[in-house]
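What follows is chain A paired twice: with chain B in the first complex and chain C in the second.
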Partner chain A sequence: MSSPIDFLLWVKGPAFDIALAVFVIGVVVRLLEIVLLWRKQDLAEPKGEEFGPGLRTVVTRMLPEAGSFKRSPFTVIGGYIWHIGFLICLLFFVPHIELLHSVLGIKWPGLSNHIVNAVAVVTMVTLVAMLIDRITHSVKRFLSGSEDYLVWLAAFLPIVTGYLAYHRVLVPYPLVLGIHILSIEFLMVLFPFTKLMHTFTFPLARWYNGAMAGRRGVQS
Partner chain B sequence: MSKATLERGLNALREEINAPVAAFFSSCVNCGLCAEACLFYTETGDPRYTPINKLEPLRRIWEQEFTLWGRIKKALGLAQPVTDELLQEWEPLVYDACSLCGRCSMVCPVGNDIAYMIRKEREGFVASGNAPEGMKGASTRAIKVGSPMGVKFHAVQAQIRHIEADTGLEVPVDVEGADYLALLSSMEIMNFPEYIEALARIFKQAGVSWTLCSEAFEATNAGIQIGSSDIAAELVERVVKGAEKLQVKYVISPECGHAYTAIRWEGPNLIGRRYPFKVVHILELLDELRAAGRLKTQGMDEARLTFHDPCQIVRKGGVLEPPRNLLKQVASNFVEMSDHREMNWCCGGGGGVSANERADELRLKVFAKKKSQLDELNVDKLVTACANCRLMLEDGLEEYRVELPVVGLTEMLAEHLVEDNE
Partner chain C sequence: MADSKTETKTLGESLRQQGVSRRGFLKFCTATASMMALPPTMVPAIAAALEKARRPSVIWLSFQECTGCTESLTRAHAPTIENLIFDHISLDYHHTLQAAAGEGAEAAREAAMHENHGKYLVVVDGSIPLKDPGFSTIAGISNLDMLKETVAGAAAVIAVGSCAAFGGLPHANPNPTGAVSVSEIIKDKPVVNVSGCPPIPTVITGVLAHFLTFGGLPELDDLGRPKVFYGQSIHDRCYRRPFYDKGLFAETFDDEGARKGWCLYRMGCKGPMTYNACATTKWNQGTSWPVESGHGCLGCSEPDFWDGGGFYNAISIPDGDIARNIGLGAVAGVAVGAAAGMLNRNARADAVARHETVTVDDLEKTS
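== the complex of A and B ==
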């Protein structure tokens, strides 16, 4: 890895393949570890359905419960902003769409660079604010361990490095682009081993919650 | 029961882990929102009472033994084991500061059913000997005497004699072939015998064929509260045997909240078979009678009143409409609390907290939540449908020096009954 170009080629080549393999195999293993534990058949006579109410909970938990929102608005609003912001940057930045098109063969319209740029700034600011909140809020500070800060970093780095790459802040460009891609690979590799997994497991968790409540005649 | 040891506790925790538990732990991002739904946190501000934190021992077992990565970390010596010290430290969080009310399970953004997991976690605590003395005592009395409060059937008979003398009504006992077997809670027998009288009067008017069973009168289940499936199953089995012996079609769960959870939802799973009868909550039965025109009442209570939703009956039991339908039949000025139905706040004494004297101070402190709900409404009467809630509400109101009568819904209905045969 003698030059920035070599570094970029390594990051885009072997490193990406390794990260992708760890990500895909790891996530599949984690999901199998969960569902293969099964749950015992419930012998109590049901009062309602499981499947439908389970799906409803998957959808309805997208919105916060009014009381906890009032008590902790920043957690909810900050959560929305950075998750949505992250997804906009990931999926609607034109170079990302072109990359995904070359890999997956499907394409969708992107947003203008100015908009994505603004979204990235808002997302970064929100993530920093959420980190400060995690350190200062008594409950969050109490609950948080090293993993919580590690996954924060893993989510923050792709946005920051992407922003730097877009603005050509660091030179040479191949180096900063390589670092950006490396940060994505860092996120991918961490995924199966950390609570980043919630991205894939939350529908399962919500479904089980809604299904078990639905069986008792309650929409949770 | 065999001797409680750490090893038995760890085994019990292992047995409780299933796909929902694994999905829940995998999804938690420590956002802390569950704290805002828990009265033990909102009223104390103590972050240790954050619901998900109460599950740390179970979470460790899941991570270290049910995930590949966790097993690797454990093999490398990077995992913190579940020790007796950890269980001792967590015991007050799991028993004193959780009423299994399930409110946290309604707000978790990723959908974790935290109360479901705490119920499971208690299996490990009790198997390792880490449970409060008050609850151990209640469980022992339930097994040996037949009731957590040590009530024997002759105490029920004494109440029956009083009721029969006062009202001239018959309270049927051990009637084979009756349609309904009514269960009672110890608290109803000792503190609120009006409930038994109310049943006798309502069922006479509605023409319901019913009976009590001398061998299976107790509906409460201390095994569910302490978290011992062995004890819980034995107590459920008594009811099932009594119902089978009398060949009833239905078993009526009394107002008592956790009794309903025990007999209606956990029972068949505890004994490993479906029942040959159906279980109805008394409010469900009364609402059916009302809908069929068999529950005839007269007069309206004009007092401004509200209804306290017992967690296990409403949020965890699905009996949402019956109490409202019934109240509206006899009360003209019924108002709902700010958070009601499946989002109601617990009285603070569910899930065995009321049987655990060590928790009294904390329970009364967190009652401030209920008091603030009541303060908003300025009501003259508080109606509920759980003998335990009722006792806890009375206790809390007394502590906060609030004069507010607390009544059971079934008795309230009985007071308005049209006595058409007299």
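== the complex of A and C ==
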């Protein structure tokens, strides 16, 4: 590690390969464990369809339930803002599209850097506000464990380091770019072992809820 | 090669003899001051210092190199003031340019070292092989021995080109000769890295002008490069930068974006991570530079630029074969996941088998 370039090459080379291996193997193993274990067979006579209601629930639960929105609008709105902001930065910043293109073989138009920059700022501010809310709200603080704070950090670091890398501040660019990529590797390594897994498990859980309700002939 | 003993003319006299006008000389001094980010008030000081400067003795050592650096410095189409400055240093040893060879050449080097002890400059281009001294020798002397011996009495060392500055191409993976940079060997003398493959001629004359003017070396960055030339990245000074900010990119070398001069990031331009003066000083007497000619920056003034991923891969793309690694990871994940799934199912089946059903009668009996 004699120079920032050495650090960048290590982060883009062996470190990325390790993080990718942990991420892919971990996610596949955890999903297979869930799918293979599945649920005990329901011997009762079905009163309705499973597949349709299951699929519908995967979509309809994208919208907040009225009750929870009334009870904690900040959590719902903040959650939407930062999730969408994170995805915009991830999927529509041109350097990211280049990376995904090298993996998937497809590319799509990117957004202007000024727009991505603004979205990143909004996302960071929202994440910080949500952390403050989590710490100051007595119920949320009671419900939060160390994993919640770790996952918050893992989501926050890529955006803040990406913002610094884009603005080319603090340290030489190869170093700040390396730190940005390292923060994503941190996220990837934590992914299979934490609640970050919801990225992949949410359709399973929602589908199961909808299918179970459908089978019983009730609306989910 | 001029004899440093008989040469007593100052630089100013020498330039005038070459037909360089006072105006031309001052223009050079002004350009040098602005290039080195010095205030305009320094121009007369530079002019006065350069006017009076005696020719410094320079010993140029070429090790594992391609001569591209020397080509860069000597192949200007018309003589410029930079050339004249370069011609009027006393280049006492440069085995590519000098007429002498063998013993005579080495004698010139030794004479220059002896006569100018403690005052001469050593310019090095090329890396030094450490694995086997026989990989590169001059007059039977290994590069390592010649460097140590020559630098011992030098005022400073200028490592010209990325090979001398960082190891360069010979140092590229797997580095068969065990090539290292000058600064990995020389620890007790000031070393200036003038990196680039090749470096910009103006940058080396700028470093020499600084040495002549101030009698010392310019302020250096973390990689030992003069900050005045390597303080800003190609990306920050690139005239195509507005297209990067607007998200307008050329995607192939012949598409509409390429014709319109859009940003070359997607075609692997390393400008964002490269610190050099190409975007401002340009090449071939200000004619153009790589990005202006339609090709992305290769990052040649940075360490390990040969190993920094493909020249045509965007900086954001990791070096490994990601698609293959994801495939391998998925296969391994399926194998491990299937095994874990089977273990979980067995554990559940086992729990079910061991589960004892209890009736109300049983409960009443026990209670």
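For the reader, a short list of remarks on this structure follows.
Everything that follows uses one rule, which is that the second predicted complex is superposed on the first by the 220 of 220 C-alpha atoms of A that agree within 3 Å, B and C clash if a C-alpha of one lies under 4 Å from a C-alpha of the other, contacts with A are read in each partner's own complex, and residues count from 1 in each chain.
Keep in mind that, in the parts below, a contact is a pair of C-beta atoms (placed from the backbone, for glycine too) under 8 Å apart; a residue touches a chain by one contact, two chains touch by 3 or more.
Everything numeric in this text was worked out from a predicted model, so none of it was measured.
By the touch criterion defined above, A:V29 lies against chain B and chain C together after alignment on the C-alpha atoms of chain A. After overlaying the two complexes on the shared chain, residue contacts for A:F202 are found with chain B alone; chain C is out of touch.
Using the contact criterion defined above for the overlaid structures, shared-chain residue A:G79 touches chain B, although it does not reach chain C. Using the contact criterion defined above for the overlaid structures, shared-chain residue A:D148 touches chain B, although it does not reach chain C. Of the two partner chains placed by superposition, only chain C is touched by A:A21; chain B is not.
In the superposed pair of complexes, A:L37 makes contact with chain B and with chain C alike.
In the superposed model, A:G217 lies in contact with chain B only, and not with chain C.
Contacts of A:S112 after superposition: chain C is touched, whereas chain B is not reached.
Once the two complexes are laid over each other on the shared chain, residue contacts for A:V59 go to neither chain B nor chain C. Looking at the superposed arrangement, the partner reaching more residues of chain A, out of chain B and chain C, is B. In the superposition on the C-alpha atoms of chain A, the part of chain A touched by chain B in one complex and by chain C in the other spans residues 29-30, 33, 35-37. Contacts from chain A toward chain C in the complex involve residues 2-6, 8-9, 12-13, 16-17, 20-21, 23-33, 35-37, 94-96, 98-99, 102-103, 110-114, 168, 172-174, 177, 181.
Against chain B, the residues of chain A that register as touching in their complex are 29-30, 33-40, 42-45, 47-48, 57-58, 61, 64-65, 67-68, 71-72, 75-76, 79, 137-144, 148, 151, 192-193, 195, 197-198, 201-202, 204-210, 212-213, 216-220.
Against chain A, in their complex, chain B makes its touches with residues 17-24, 26-33, 35-37, 41-42, 45, 47-48, 50, 52-53, 66-69, 105-113, 116, 264-269, 272-275, 278-279, 315-320, 339, 342-343. Only residues 222-223, 233, 235-236, 244-247, 249, 265-266, 272-273, 275, 302-304, 307-309, 313-320, 322-323, 325-326, 328-330, 332-334, 336-338, 340-342, 344-345, 348 of chain C touch chain A when the two sit together in their complex.
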